[in-house]
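Both of the next two complexes hold chain A, though its partner changes from chain B to chain C.
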Partner chain A sequence: MTVDSQNDNVTIGVFARLQPLLARLLQGLLTLLAVSLLIFLAARALPGDVANMILGQSATQEQLDSLRVQLGLDQPLWWQYLIWLGGILRGDWGTSLSNGQPVADLLALGVRNSATLSGVALAVMLPLSLLVGVIAAQFRDGFVDKIFLGMSMVANAVPDFVTGTVLVALFATTVLHVLPAVSFIPPGDSPFSYPDALVLPATTVIIPGVMYLARLVRVAVIDVMATEYIQTAELKGLSPSRVLFRHALPNAVAPIIPAASLVAAFTVGGVVVVEYLFAYPGVGSALVDAVTNRDLPVIQANVLVIASAYFIFNLIADSLAQRDEAAGQRQSKA
Partner chain B sequence: MIPVKFSRAIAVAMLAATTALTTHTFAQAQELVLGVIGNSKDQVQPYTPTSSASAGSLYNQLYDGLTAYDSNGAVVMELAESMTPNATLDVWTVKLRPNVKRHDGKPFTADDVIASIKHMMDPANNFVVSSQIDFVDPAKIRKVDDLTMEFTLKRPFGLFANAFADEDFRIRAISDDGSVTGTGPFKLDSFTPGQEARLTRFDDYWGVKPGFDKLRIIGFRDQQAVTNALRGGQIDVAYSVPYTDVPALTKDPKLKTVVSGTTTYPIISVRVDTPPFNDQKVLEALKLVVDRQQIVDNAFGGFGAVANDYLGNNTACPIPSEPQRVQDIAKAKQLLAEAGKSNLKLELVTDGAFAGMMEMAQLYAQQAAAAGITIKVRRLDPATFLNRWREWPFLISLTSGPYETAALAALLPGQGENATHFDDAEYNDLAKKLQSTGDLAEQCKLVTQLQAIEYKRSGDIVAAYPENITVYRDTVSGLKPDLYGRTAILFGGVTVKK
Partner chain C sequence: MEMTLTTHQRVRPRRASGWWRLWASAQVRWGVILLAAMTALVVVGPFVAPYDPAAPVGKPYDVPSAVAWLGTDNLGRDVLSRVLSGGVYLAWMAPVSALLSVVIGAAVALVTAYYRGWTDLVLMRSLDVLLAFPGILLTLLCVSVFGPQPILLVGLVVLTLMPGVARVIRGAAIPLLDREYVLWAKAVGTPGPVIILRELLPNVSSPLLVELGLRLSWSVGILSSMSFIGYGIQPPAADWGLMVSENGTGLGTQPFAVLAPILMIILYTIGGGLIAEGAARVMARTEGKA
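Now for the complex of A and B:
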């Protein structure tokens, strides 16, 4: 075999491995395109438009018509969509119809704030889920485990806004006054400059996340601890902590990682409710506002960001699941 | 002779004292934080149709009007020093207050006023409320000198000073760099629509200056967030709070309240040009089913007074002599039977955007049920609601502003706010007379007559005149009651001690 053909084989090998990923990426881009078209049509199907919202109840029909022409709302729907899409492909997100500010500026601010909130929530949620799950598994069917299972059932059944409202009453307005009730981050500042403002919204996201993921960890650890190789390790006289952390946990965590990626995707989406509740200036609250104002370019941009985040986390979840599957197949062949 | 060393010591001591004083003054730099419902449609320049609380809070600090309504409802001169008409009321000479400075340091002159009014009246700028000053001919405003202008009007107009006192007609100026500037008590440092505005006191302000240095206006998404921020100490003053929150808030020892009048309140409106509402008997029956006291108590938390189906409770004029309408279900049923509409089924729409709207709609539906009228209350989002504004036959509407502007905008034919399609020859005639008289006693007589016609024939069911409640932290002092509900945004003489 020549060097060239070896190189070719390597290239083909890399390509073969990358092909599913590339296919997924292409599929993702098409999905985003479909999402943007659906959102565009859905937003236009809502009664009332941005001209109604800008001019309010004093406007005459002539004034409404004149503003619609100024904003380009008199153009055919397909043309408006193509103009918007062309802008996006050139990296131009357009300007907000309701206040004339560049959408990119509004978006940058929202993405930074939402990413910070989701990032902080996930950074606490993932290790905490592991810890709680392992503890519950260790004390399986004991008092601690039962308390955890009961609490997780309640936490998963209660909507985020109820959890958030209870937290506000407990820590900000009614019982204690130790944390801010409203997480206002001034537009020019980083959320990290206001760590206390992140606590309640992050906790509202963390509680249901931990309660869900820790249940999965608990079951996975219990399953792994019942396998033969763990029993062998125990019979060899290894310490319980070594058995747990060295042998059981790595195997227990593998099936949970895709679920964790999905929880991360839900966290990004779930932040909409939490942001609204705490008046936190992120992508979610910007989206609610844009829908109220029928501000199409802002709606489109925010939906695309949230859809992309979903897509990326789902892609990670799928890739990890496929890797685990492949590893499982290799093991069974061996 | 003072020894050199001693004089040096004195100099050092004086320097230290000055530094200490400066540091002390600096340490005293106080900021007031105002919480409002934010609106991302807000702009810095004041000629936008957005009548949001957040825009109003900002404009009130940045700009002044030629005239204004004071806290007792009287028209007072602001940037104008005098407004003098000719005998036929169609030429007005406006003299400006001397030595008024703009935020960019330049003197405020007649050029700024003329440019502002031309901008307001240019149809391309879609400044919808410009119809309220449609008596002005922008091409016929003559600059006499830097502080004097002569307005030749399209028609005689007696309420010239009143019209410009409406807060929509604040005057702006344009700086050399093209940015918008004002003459108000605060100048702008930064602004993000719907989220935050930061302002610094304008020390060259011509009027009563605020007693604190910095003002921050924070925009919240919903009323609950404003209330929470107030209770948690994140804001000092809440622009408004829901009536239902007031009892809980007044129990907090750190919070205080000011009860003010307001010209902004919800009313129930019907289209008088559409069946069944074009039947006077049906209209009268719909006005007779209202238990007004219950609406005051339950929709407005007891903060308000029973109303009598006309606007303008806060005019300084005598009220019409019509009897107070009280609930009379038997009479209402009889009128409906006479009109052949005994089993009326109606849909009442609202966007619930103002405190008390939903509560009022639901209470009215319950009260009307006693007379056999079935009312389904439908809550819509604001864009859906506004999309068919002037088409809805039965709606919760909102009035805002002093009588001579608000009522006329809502009750004269062809006006954008005329949701009831009211077109009454006698009313139109009296309104025309009101607009073309300069005599205050005559104006009052006409207002009372106009209100009597509203009581009898208009499509507005005015159940309550609610009050405005401003809740603030005890670190703030000097907020005053205001007939137009501006307590939370009038900062002249207000101080903060944190």
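Now for the complex of A and C:
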């Protein structure tokens, strides 16, 4: 908080509030830079010669050499990194080694599909976790609450692919046959044109998310309901539902917002496994395919996109949590 | 939280140590029992398996019969034998990963919290960089470079989980530094390492156990997920995560080849979940009391 004392109060206020955010942003950019270097080095270290892979076994040494020059593989490593980074910043993400298409186009397709999946999942998750959390709090320590707590422990412990496979068994293959087990979406089509293909992947993400967030809602509602403020509202003779929805719930939402952002980050990080499970055409399944094909530019691009999204949601979660902490400190001082 | 206060307190001696208080939680006990049972099953399993887990005993995706109690898998191998043999890797890799994450994370957290200074800053910032990278991506990248060796997988899981542990334990340790007993120990000239081991460590036992349970579940999750997407334990070895992906196409005709390994993974992760949950409740109770 090193603020120039010459500034007037308003700028001090704005600056003091922005400064930690700016520091975090700067730190974040450095982190992303480190991540990009890691991605670059890891992708370069993949076994197998790229030129050999493209031209096949029958290529002559001259053909291989000229392709290496063309791809810039003869340059020193740090130069290749700078060229690559410069390209990324200018929107030139290179071409896929396995099918020759521009990486940017493939990426746009994957990002749209993955963002749709995560977006739908989050849009259902947030209101649903409020509802479940409030119900659990209402029946606190009762049968419903105990069932909820047990289920949430299981849902949060079990890996995503297990949840997803159980859903496939229940709704697509073994018990019922109402939903597709594989999310086939032709390239170029919007996932919204195939709503049934979205249901199971989204549900796989929604279940652990709801079970985690609803727990926090439950505790927040229980805490708020015990405050004098709510007791006063009850003593005034307001109806229980009015007390709950108009007075308690808005106060219970605040603590879960940073957690929701964290869940968004985990959702982004978890797309790899969920998309692979359902063969859903997003960045996650594209990444697994690219690793199998040793498709360097595609690997780098997809990892960078997933890591950036993960990072942004983490940053939001962190700064929201810090803001809440600061607000709490101000309150306790007052 | 006050309603649960009375039941456990009455039976415990007044100055119960941190670990004893944790063992008093029924959930912690059940978690430990479940994990012990699973470990026993995994260790004994390969010896009681009716068939060689790698040898075909019938036609692919055969339903359960007197020959193969849980049916056969995609290559006609006995599902029961493969389930009994399929936890060997997970049974040592997951606990080792979880333990190392917690031990290293706690050591980093306690030392940096106590000594502060620039090493603290550098260490915690580098851990932030690690936290900013989704674990499964790091694992996928490194395994694709170096191949799926078990030791490498363990190292990567530790690298993924350790920063989170360090953050939590550091958060739990910092308020302790202002407590009277720590200030007193400092005032009488107790050396730093002794204060860390004797004053700080016992007072973060509950968050440590929460982390251990949680990280055990997550280790199982990451390791079996890696096997599932094909970058963990490699065929023809029997492995639960691998079995789920191998037999996915037969889910309609022979669900047991998928559901049996899934049940194993669920039981294993629930063991860790129960420990974390029980320890968290003990923590909430003791904090409520303070």
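Everything that follows uses one rule, which is that the second predicted complex is superposed on the first by the 270 of 334 C-alpha atoms of A that agree within 3 Å, B and C clash if a C-alpha of one lies under 4 Å from a C-alpha of the other, contacts with A are read in each partner's own complex, and residues count from 1 in each chain.
Going forward, a contact is a pair of C-beta atoms (placed from the backbone, for glycine too) under 8 Å apart; a residue touches a chain by one contact, two chains touch by 3 or more.
Source: prediction; values computed, not measured.
Of the two partner chains placed by superposition, only chain C is touched by A:269; chain B is not. In the superposed model, A:180 lies in contact with chain B only, and not with chain C.
In the superposed model, A:234 lies in contact with neither chain B nor chain C. Of the two partner chains placed by the overlay, only chain C lies in contact with A:287; chain B stays clear of it. By the document's definition of touching, neither partner reaches A:65: not chain B, not chain C.
Contact with chain C, but none with chain B, is seen for A:166 once the two complexes are overlaid on the shared chain. In the superposition on chain A, A:145 contacts neither chain B nor chain C.
Legend: residue contacts after superposition of the two complexes on their common chain; A:55 is shown touching chain B, with no touch to chain C.
When the two complexes are superposed on chain A, the residues of chain A that touch both chain B and chain C are 46-47, 168, 173, 181, 276-277, 288, 292.
Taken together, the chain B residues at the contact with chain A in this complex read 40-43, 48-51, 123-124, 126, 128-129, 131, 190, 192-196, 218, 220-222, 225, 228-229, 231-234, 381-389, 397-398, 409, 416-417, 419.
Taken together, the chain C residues at the contact with chain A in this complex read 3, 125, 128-129, 131-137, 140-142, 144-145, 217, 220-222, 224-225, 228-231, 241, 244, 248, 251-252, 255, 258-259, 262, 265-266, 269-270, 272-274, 277. By the touch rule above, chain A contacts chain B in their complex via residues 46-50, 52-60, 63, 66-67, 70, 96, 98-101, 168, 172-173, 177, 179-182, 184, 186-188, 276-279, 281, 285-286, 288-290, 292-295. If you check the complex, the residues on chain A that touch chain C are 27-28, 31-32, 34-35, 38-39, 42-43, 45-47, 141, 153-154, 156-162, 165-166, 168-169, 173-174, 181, 268-270, 272-273, 276-277, 287-288, 291-292, 299, 303, 306-307, 310-311, 314.
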